[in-house]
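One chain, subunit A, appears in both complexes that follow, with subunit B as partner in the first and subunit C in the second.
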Partner chain A sequence: MIRFIVRRIFAAFFVILAVTIITFLLLGALGNPAARLAGRNANAAEIHLITVKYGFNKPIWVQYYNTMKNIFTGKAYSYQQGFNILTEVKHDYPATLSLAFGAGIIWLSLSVLVGTLAAVYAGRLTDRVLTIVAMAGVSFPPFFLGAIFLYFLGYKLNWFPLGGYASLNHPWQWFKHLVLPWATLSILFIGFYSRVLRSTILDNTNEDYVRTAHAKGLSDNQVLRRHTLRNSMIPIISLWGLDMGQLLGGGAILTETVFNLQGVGQLAATAIGSLDVITIMVIVILTAIAVVLLSAIVDILYAVLDPRIRLG
Partner chain B sequence: MATAEAAGTSFSEAGAAFESEGADLPPGVGPWKLAWRRLRRNKVALFFGFVFLVLVVMCLLAPVYSHDIAHTGPNTEAGLTATVKIGGKVKPVVSADDIPIGPTWHAKYFFGADINGRDTAVRLLYGGRNSLEIGAVATLITMVLAVFLGVLAGFYRGWWDAVITRLADVIWAYPAVLLGITLGTVFAIGGIGPIKGTFLLAPAIVVGIVYIPYVLKPIRAQVLQLREREFVDAARQQGLSNLQIMFRELLPNVASTIVVFIPLILANAILLEAALSYLGAGVQPPNPSWGTMISDGLQTIPVAFSNVLVPGIMLVLAVMSINIFGDGVRDALDPRAKVRIAR
Partner chain C sequence: MSADAPAPLLDVEGLKVSFATEDGIVRAVDGVSFTVGAGEVVAVVGESGSGKSVTAMTLLGLTRGPNSIFEGTATFEGTELIGASGKQLQRIRGAGIAMVFQDPMSSLDPVYRVGDQIVEQIRVHEKVSKAQAMDRAVEMMERVGIPRAKERLRSYPHEFSGGMRQRVMIAMALSCSPRLLLADEPTTALDVTIQAQILDEMRTLRQESGAGIILVTHDLGVVADIADRVIVMYSGRVVEQGTLDDIFYNPQHPYTWGLLGSITRIDADRSQRLPAIAGMPPSVLRAPKGCHFRPRCPHAFDKCGEVPELEHRQPDVPTSLDRCWLPVADKKRLRVIGDQIGLAEPAEPETVSA
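So, the complex of A and B:
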């Protein structure tokens, strides 16, 4: 058991390292950034100055080492904007956290509801309607859905503010600003998770232990709650961990940009747009750490819950 | 039974008797034909498959629409003082305070114009062509690479498997959109080798790479299971080389998994391309795509919501049709019958 955990953590570390190296190399393929930083009318002397100042003329592994050292000692500065990247990320993180966890709780509970309903009434009208609704949910890109919500519920009906984020110091404002983003993000995931849950529940219903449970005299409801649902939740929890990891690392970029939440995702978008290499590196590392860590935790949880997995 | 009767006779007579046993029964139906029959009965899936086909045909006819009906190209901007005559009245295409004309429901500017005076309907069809093309090419890239690498990794195991799985993990560690933007921006700015940003192939490659791990892992898992089966041993004894075993024995058995994944990847590829184009890392202006149209339309959202609504609805319709049809395909290939929970 301990060996399993240690192996997972080691593999996680390796993947994070590989991610940083590949990102660095990929962005390094863009060539010497000094020309871009110097501005349009720079002459060769200015470019050379910038190159020496930031060390672009050093071999690539030296640059990589310096970049990583700066990032981990908290001294990483954006070339373009000059701000301290880690301070900026800390500033933007509450928005991303609020969005991710709020939406995560909403979509998990609603997915369980919708998925269970669809499975219990499988093949009948309720199921067909819920399936089509779920399909529609998965087919809406978040920026389009967000635009529709903003236009009809924000602009026309004025029920919600038109984007932006309010800190937790003003709880009611914080809530009002997050309702539409939560709805946008949740609909996407509910569509996906409810269908996974539905098919997992249907698969489990064929298993022998369910037949035994019925034979013991448990009602359909009791069988569902005490046996089937518990086992069907395992893949859902695993997926939830992975998706939360992605969101926490800036994966909610589309929702954040549409609602202008100034979260980590939006920071990533602007950084990539202006090719701010160091910021991109920091956010990519953050994402990779979040995803890999959460996936390792979920794997370990998985092994704890289901003894069959431990041997794998 | 024929074998019982033939117990005292020679092998050839027993074999002949056995073979002729089922001669009067109707011929069996293979699994693909059965699946096709099941699909034919699923009216909803067929309807949405048809809807998608209609969308594809419409977008392919974009040049016809642009040339013969609207008389304008997708990138032709109307001049500052351009006007259009609707039902007798002359209206400016883009008014003095930058409000583009709304849907006219006539041949010219059927869905209205965007802020630059371009015909939204024409751009919609051309953009659809781009979006669907990129989605299709990306799907091809993903499926070919994922199947090839997945079969390789699952069959050979060892070193091949370790390298390919680690590679897949690294790609998968990035959220799809972030990886797509990074690759897309790199292509758009400098390009890698001959692949430049204004090439439509660049977004296709980006989207194609992102989804490889999604398909590779299940295919590899299935190959890992299949290689332990007896038919692989039998093939080896017959003298088939490793390559032959992979392509003639294993590949047909993962075929149903492949068929199930194709619509799923296509739908996700189209959505990812729209997201990347929306963020500016996909299709580059002035080329239209449903994603760029939504992003452009968001700038004039209070006065011309149709510029956001129209490409958005087309996008949702296309993706939803593929999803529902793909779901029908998956149900048709699933050998298990439906099960009720409530008795």
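So, the complex of A and C:
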């Protein structure tokens, strides 16, 4: 276990190093940042002043080093807005965390239910209806579904607030603000996950150990729950880990923006809109850390689910 | 031998199993009848696709499905299995009739400890505590020759070798003291030394518990080792049936001759090709009219266009039944190749005076 953790931390370090270098180079390729910061009517002297102030005239590795030093010591400021990015991320993170974990739990449990039902009734009416519903779910982009929810359930029926985030200090308000975002995000994932689970279950149904389970005298239900489903959860869990990593790094950009949740995803959207290079940088690093962390957690879950996999 | 015991443990009558596929109806089992008595080992032999595994699995309802069609009956201790309800089958599976499958590498669930899998088998049929079931699991594992059973109980299937896994399968199958064991090629995936040990376990089981055993195999060496009676299947039909001695020393069907002739002998001339039955088994979708073996049989004649019934053809050998139109008197001559029993080459034209 210790070896596993050490190796993971080591791997995480290199992943983050690679991600930061690539992002830094890509963002650098956008053109002279000083000219962009100086504004449309700036003259050469002003641009030169900014170039020197931010160190854009220094060699690129020095720029990279300074940027990273600032980010990891919490002294990274947005060029455009002037705010401290880490303070901003910390402020926005509860919304992102609430959205991701809430939706993650909802879509994981509902996809297991829907996928299992579709597999059990494969080829029959229940399966066909669920297939269509799942396809519809996958086909609704969050900005469309979110807008529909907001219009009908928020504006027309007034059941839910029209966006925004309420802190966990007011649990009921927190919950009410998050129901629609959770639903929007979950519907997208349930469609996809339940399809994957359905086909995995159907594949596993033909496995020899499932036949053994039947031959032991277990009921169909027991065979499904104890043997088929248990083995079919393994790929679902790995998908879930990767998607959760994405969302925890602020990946729910559309959903957060539609519902004005003011989470990290929305921060990313704003930063991308104004080419706020350092903010984008910080969020990319955050995503990388989240993905690496979640995949480590998933590997631990994996080893619990499938004893053939050894950690370390 | 208990071949003529009053009430057989299992009585299969006219069993037919067909599967509807996209290409048409597959007649996997086409009218199979046999009995198994308590303490009797009945071997079912035949090539791949002859319907021997399907026959065994059908007895436990494991071939049921939306595309399966069944005819005939199979009566086990008074219960009809083919038409039994799901609930009835569940009670019999694992308790009255247990099954050991061909591939021990994939027949155990990879995510559970073997002890838990044996305990699951026990607890699904008997109201015993987990601790009691664990004790029984240890006992069963020791009985089938797994060393350090108490520790090994906590191992996962992947931590066992193939032979050990098959022992676990057998321990599991025997844990509820079944009266009938279906062993579907239990030793095929194992190496020869392990094979012999597994067969020993099965022999012990038969002696200690008096259970009947149906052994599905294509290995005549295994058959000679353990079987009391032999059923030879070809393309979904029983072509010959008899005691071990009937089949090995007085075989009546040319297919059986071919099987016996294909046994490789250690004293055989090594410069010769290994003997084999020429041709391929017929497609189950387009079986030939009449005797299914006709296209591969060097002794076939006009009459083989009709299906011969499985019946007694030798008045002095009541245990032997076969499906072959050849006159019994001619068979003794036709089946001798060199100094062994075998099937003549199809190249040399063999004419039979009917």
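Remarks
FYI, the second predicted complex is superposed on the first by the 288 of 312 C-alpha atoms of A that agree within 3 Å, B and C clash if a C-alpha of one lies under 4 Å from a C-alpha of the other, contacts with A are read in each partner's own complex, and residues count from 1 in each chain.
Rule of thumb we're sticking to: a contact is a pair of C-beta atoms (placed from the backbone, for glycine too) under 8 Å apart; a residue touches a chain by one contact, two chains touch by 3 or more.
Note that the structure is predicted; figures quoted are calculated from it, not measured.
In the overlay built on the shared chain, the residue A:R211 is in contact with subunit C alone; subunit B does not reach it. Shared-chain residue A:I50: touches no atom of subunit B or subunit C. By the document's definition of touching, neither partner reaches A:L286: not subunit B, not subunit C. Of the two partners, subunit B and subunit C, it is B that touches more residues of subunit A.
In the superposition on chain A, contact of A:A269 is made with subunit B only, not with subunit C. In the superposition on chain A, contact is made by A:R230 with subunit C only, not with subunit B.
Of the two partner chains placed around the shared chain by superposition, neither subunit B nor subunit C is touched by A:A296.
Applying the stated contact rule after C-alpha superposition, one finds that A:D220 touches each of subunit B and subunit C.
In the superposition on chain A, contact of A:L178 is made with neither subunit B nor subunit C. When the two complexes are laid over each other on chain A, subunit A has residues 220 in contact with both subunit B and subunit C.
Every residue of subunit C that touches subunit A in the complex is listed here, in rising order: 60, 62, 86, 90-95, 98-99, 101, 103, 106-111, 113, 120-121, 124-125, 156, 158, 169, 172. Residues 11, 14-16, 18-19, 22-23, 26-27, 29-31, 119-123, 128, 131-132, 135-136, 138-141, 143-144, 147-148, 150-151, 155, 201-202, 205-206, 220, 224, 228, 246, 249-251, 253-254, 257-258, 268-269, 272-273, 275, 280, 283-284, 287-288, 291-292 of subunit A touch subunit B in their complex. Here subunit A touches subunit C in the complex through residues 207-209, 211-220, 222, 226-227, 230-231, 305-308, going by the rule given at the top. Remark: subunit B residues 44, 166, 169-170, 173-178, 181-183, 185-186, 189-190, 192, 267, 271, 274-275, 278-281, 291, 294-295, 298, 301-302, 305, 308-309, 312, 315-316, 319-320, 323-324, 327, 336, 338-343 touch subunit A in the complex.
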